[in-house]
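As written, the chain order gives the labels A, B and C, with residue 1 at the start of each chain.
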Amino acid sequence: MKTDSQLRPGAPIMSYEMRVESEPQATVSEAEALSEGLVVRDLNAWYGSFQALREISLLVAPKHITAIIGPSGCGKSTLIRCFNRMHEVTPRARVSGQVLLRGEDIYAPGTDPVLVRQRVGMVFQKPNPFPTMSIFDNVAAGLRLNGFLVRRSQVAEAVERSLRQAALWEEVKDKTSRPATELSGGQQQRLCIARALAVEPEVILMDEPCSALDPVATLKIEDLMRELAREYTIVIVTHNMQQAARVSDHTAVMMMAEDRAGEMIEFGPTREVFTYPKDKRTEDYITGRFG
Amino acid sequence: MSGFAYRRRKIASIVVLGLCASSAFAAVGVLALILGFVLVNGISSLNLDFFTHMPTPLGEPGGGVANSIVGSLLIVGIAALLGIPAGVGAGVFLSEYASPRLGNVIRFTADVLTGVPSIVVGVFVYSMIVLKMGHFSALAAGIALAIIMLPIMARSSEEMLKLVPRSHREAALALGITRWRTILSVIIPAARRGLVTGGLLAVARAGGETAPLMFTALGNRFMSLSVTGGPIDALPMRIWRYGIGPYPEWHQQAWAASFVLVMMVFTISLTARLVLTRR
Amino acid sequence: MQVGRGNSTTAVTLARRRLWRIGNWGDALSRIAFAGLGLSLLAVALLILYELVLESRHAISAFGWGFLTGTRWDPVDRVFGAAPAIYGTLASSFIALILAVPVSLGAAIFLSEMAPPWLRSPLSFLVEMLAALPSVVLGLWGIYVLIPWVRDPVEMWLGGHLSFIPLFDGPPFGVGMLAAGLVLAIMVLPIITAIARDVMQAVPTSQREAMVALGATRWEVIIGAVLPYCRSGLMGAVILGLGRALGETMAVTMVIGKGYNITASLFQPASTAASTLASEFNEATYNLYISALVELALILMGITLLVNILARLLVWRVARSPGVIAE
């Protein structure tokens, strides 16, 4: 990723090294997002009386990776936590607007947030495996504690499948009864991914999943993300622009307004956003003038 | 700064600090003094009979405290069964559910409740339960001790549960696990060491209480295994009755029983602290 | 409540997944259950107050305020006055504090400021073990070890040399107010020490360093920087100790004798509210007697409640976590 300091009119802001696939990046069609992905309409979020998000609207393409970038404190994490109704876990937090998962508003009255979270999984910034459980029990936790599966054989099958999907099976298959805390940071994060996968969600949210990891582990997880994107819809929050550029199909850029509420200033295919941003603020942020 | 004045201050400092050190060792010295007497006076009467036999008729030598030990175990068992889950549950409420204001009110009440004299609790249970039931019982005694254990357990459980990092709760909730399942299967297991310690300390405290038992269990010269049937004896009550009684043999047995009681209480307390630091 | 899951571990037909109405009974029920347990603390406290007031109404209506000032406790004549018991409770507790507070603070200072780390834990542990000692065992030791010692040499010496002071006037029984004060002091010592030590350790190092930089001796650092900073916490510790002393029963009952009067002499047998309850409750045969005793319990509870509330307010303000206090 090179920053081009020669600004010729019409020239790309950055020369952009894309990933290997030559598949062209299309914009997201609303119909597609409505039926299979996520549609966010006029989302506002508050912590008590402080507004953290203002009128966010967004389309998340199914089975693609959407990145949310922006400077610290602009509300990226808040936004992603609205997608699986984790935002409201904080006392005095509330939300208005719509988030449509396959066309259904997850904030419709009478909707059970527990069921939402079973369909929209989350991986956190700092790997958080359950310390009192073994590797096996961690991955199985969602299945067991939700009452989905009880029979040992089925659980074991699901655990192996999830660990394979998370590219962790080979490394841990002989020691799944060891405590999860014995794994390295990168392995723990993949374990958390496996744990989220075991519940068979449709969407996977990742809140800065690599920021606590070393570069080697980071690359492994990025590869894993691209693999997973074949099956799952992925939304990733990252403060690392290069990562967003490497990994995502679409990018949403957020900025903090004067009253510290977060707004979405740009959204589009990643290549476009990084080479021909429409908003001056995006350009400033990407070229490192602030943030 | 004059050298003389400074030297005087320095000497004053050393003297006062010496007093502080001797205070600390005096405190420990008192403990040693008490334990020493309990040990010396009590150990001579300890034999197998002491643990397995019942008390002999008045004035006759020999006999043991078997019924008192069994009574204590039964009463404390009931108290633990009632008080520990209730206390942990209250701790869960304080840590996971309560609003700040309600939480403060309950916390304050718990702290104040720990200061209620145990004899007052005994009088209360006598009035509420013994009078209504018409007789003394192990159940009444257990309830009295449970009331004493409840606020202690609640506060210590709350502190232990609060120590479990938020990330555990978030990870579980994000998997779509319900709140109560999260509490039961993730948070409480994560805090189990501290909870066990709290429980053991509460039990040690309850096991040494005498006053509430006087109004609820009354004491019994015979073995009783009945929970609601009638008066039942307990080790602390035995120590009291025999200690102030007229017979020297009784005094001997009181010392020996004291030794047993102290050993039990100290062992449980020590175990509690080891659980916290080791396991 | 999971529709469409079935037993299949492969991806479930996505179209079948729906977001249902809330059917999560578990959360609703458990919230109620835990709230119930939390509120049970309030319920117990209120219930105790209510029951005590209820059962003492007989005596309250019989004696009114005179109960607090009456000095006769005569079950035979059916006259009950609580003044000597209240006096005994307060006096014995204050004696305990006078004896215990200097030693407690000194020990706390040693543990917090002076002791090397390897000594601190075992010593603190031993002090806490003193708190764990059952009251009845202390009472037993009190009867057969402390009382003989108090009678002779302590009371003999004090009576021989200082009998002009009303405190030390009278025959040296051994049992009595002095012995009770001593025993209470032993019970209260570890509590004050533990809390005071915690409170002192919480004083930031910067405070001490500032004093040292001014050229203070070690003791001056303590009295100039540490103690003033945690003043209210220390007061809270002392008052908590007082609260404990007020309600203490067994050890006191066993060494205080059974005198029921108000005298200045420390050598006289006396009574506290708790000791009166302990020694008389099982002999109470008629309603007024029981009611009078319950009223005594109510008064005792009132006094300890007040003291404890005061103490908690002070300690809460300073040390955020009272921790597990082995009372």
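By definition in this document, a contact is a pair of C-beta atoms (placed from the backbone, for glycine too) under 8 Å apart; a residue touches a chain by one contact, two chains touch by 3 or more.
Since the structure is predicted, the reported quantities are computational estimates derived from the model, not experimental observations.
Taking each chain's centre as the average of its Cα atoms, which chain lies closest to the overall Cα centroid?
Nearest to the common C-alpha centre lies chain B.
With centres defined by CA atoms only, which chain is the most remote from subunit C?
Max centre-to-centre separation from subunit C belongs to A.
Roughly how far is subunit B from subunit C, going centre to centre by Cα mean, in whole Å?
Each chain's C-alpha centroid was found; their separation is 14 Å.
Could you tell me the distance, in whole angstrom, between the mean C-alpha positions of subunit A and subunit B?
About 51 Å separates the centre of subunit A from that of subunit B.
Could you work out how far the Cα centre of subunit A sits from that of subunit C, in whole Å?
Chain centroid spacing, subunit A to subunit C, equals 55 Å.
Pull out every residue in subunit A that's touching 2 or more other chains.
Residues 114-116, 118-119, 146.
Multi-chain contacts in subunit B: which residues touch at least two other chains?
178, 181
Among all residues of subunit C, which ones touch two or more of the remaining chains?
24, 27
If you look only at subunit A, which of its residues touch subunit B in the complex?
Going by the criterion above, the answer is residues 84, 86, 89, 114-119, 121-122, 124, 126, 128-132, 141-142, 145-146, 192, 195-196, 199.
Which residues of subunit B touch subunit C once you look at their complex with the stated criterion?
By the definition above, subunit B touches subunit C via 1, 9-10, 12-14, 16-17, 19-24, 26-28, 30-31, 33-34, 37-38, 41, 86, 89-90, 92-94, 96-98, 102, 105-106, 108-121, 123-124, 126-128, 147, 150-152, 154-156, 159, 178-181, 183, 197-198, 201, 204-205, 207-211, 214-215, 218, 236, 239-240, 243-244, 251, 254-255, 258, 261-262, 265-266, 269, 273.
Under the stated contact criterion, what part of subunit C meets subunit B in this complex?
Listed in rising order, the residues of subunit C that touch subunit B are 24, 26-27, 29-31, 33-35, 37-42, 44-45, 47-48, 51-52, 54-55, 102-107, 109-111, 114-115, 123, 125-130, 132-141, 143-145, 186, 189-190, 193, 215, 217-220, 240, 243-244, 246-250, 254, 274, 277-278, 281-282, 293-294, 297, 300-301, 304-305, 307-309, 311-312, 321-327.
Flag every residue of subunit B that touches subunit A in the complex, lowest number first.
167-168, 170-178, 181-182, 185-186, 189-190, 192
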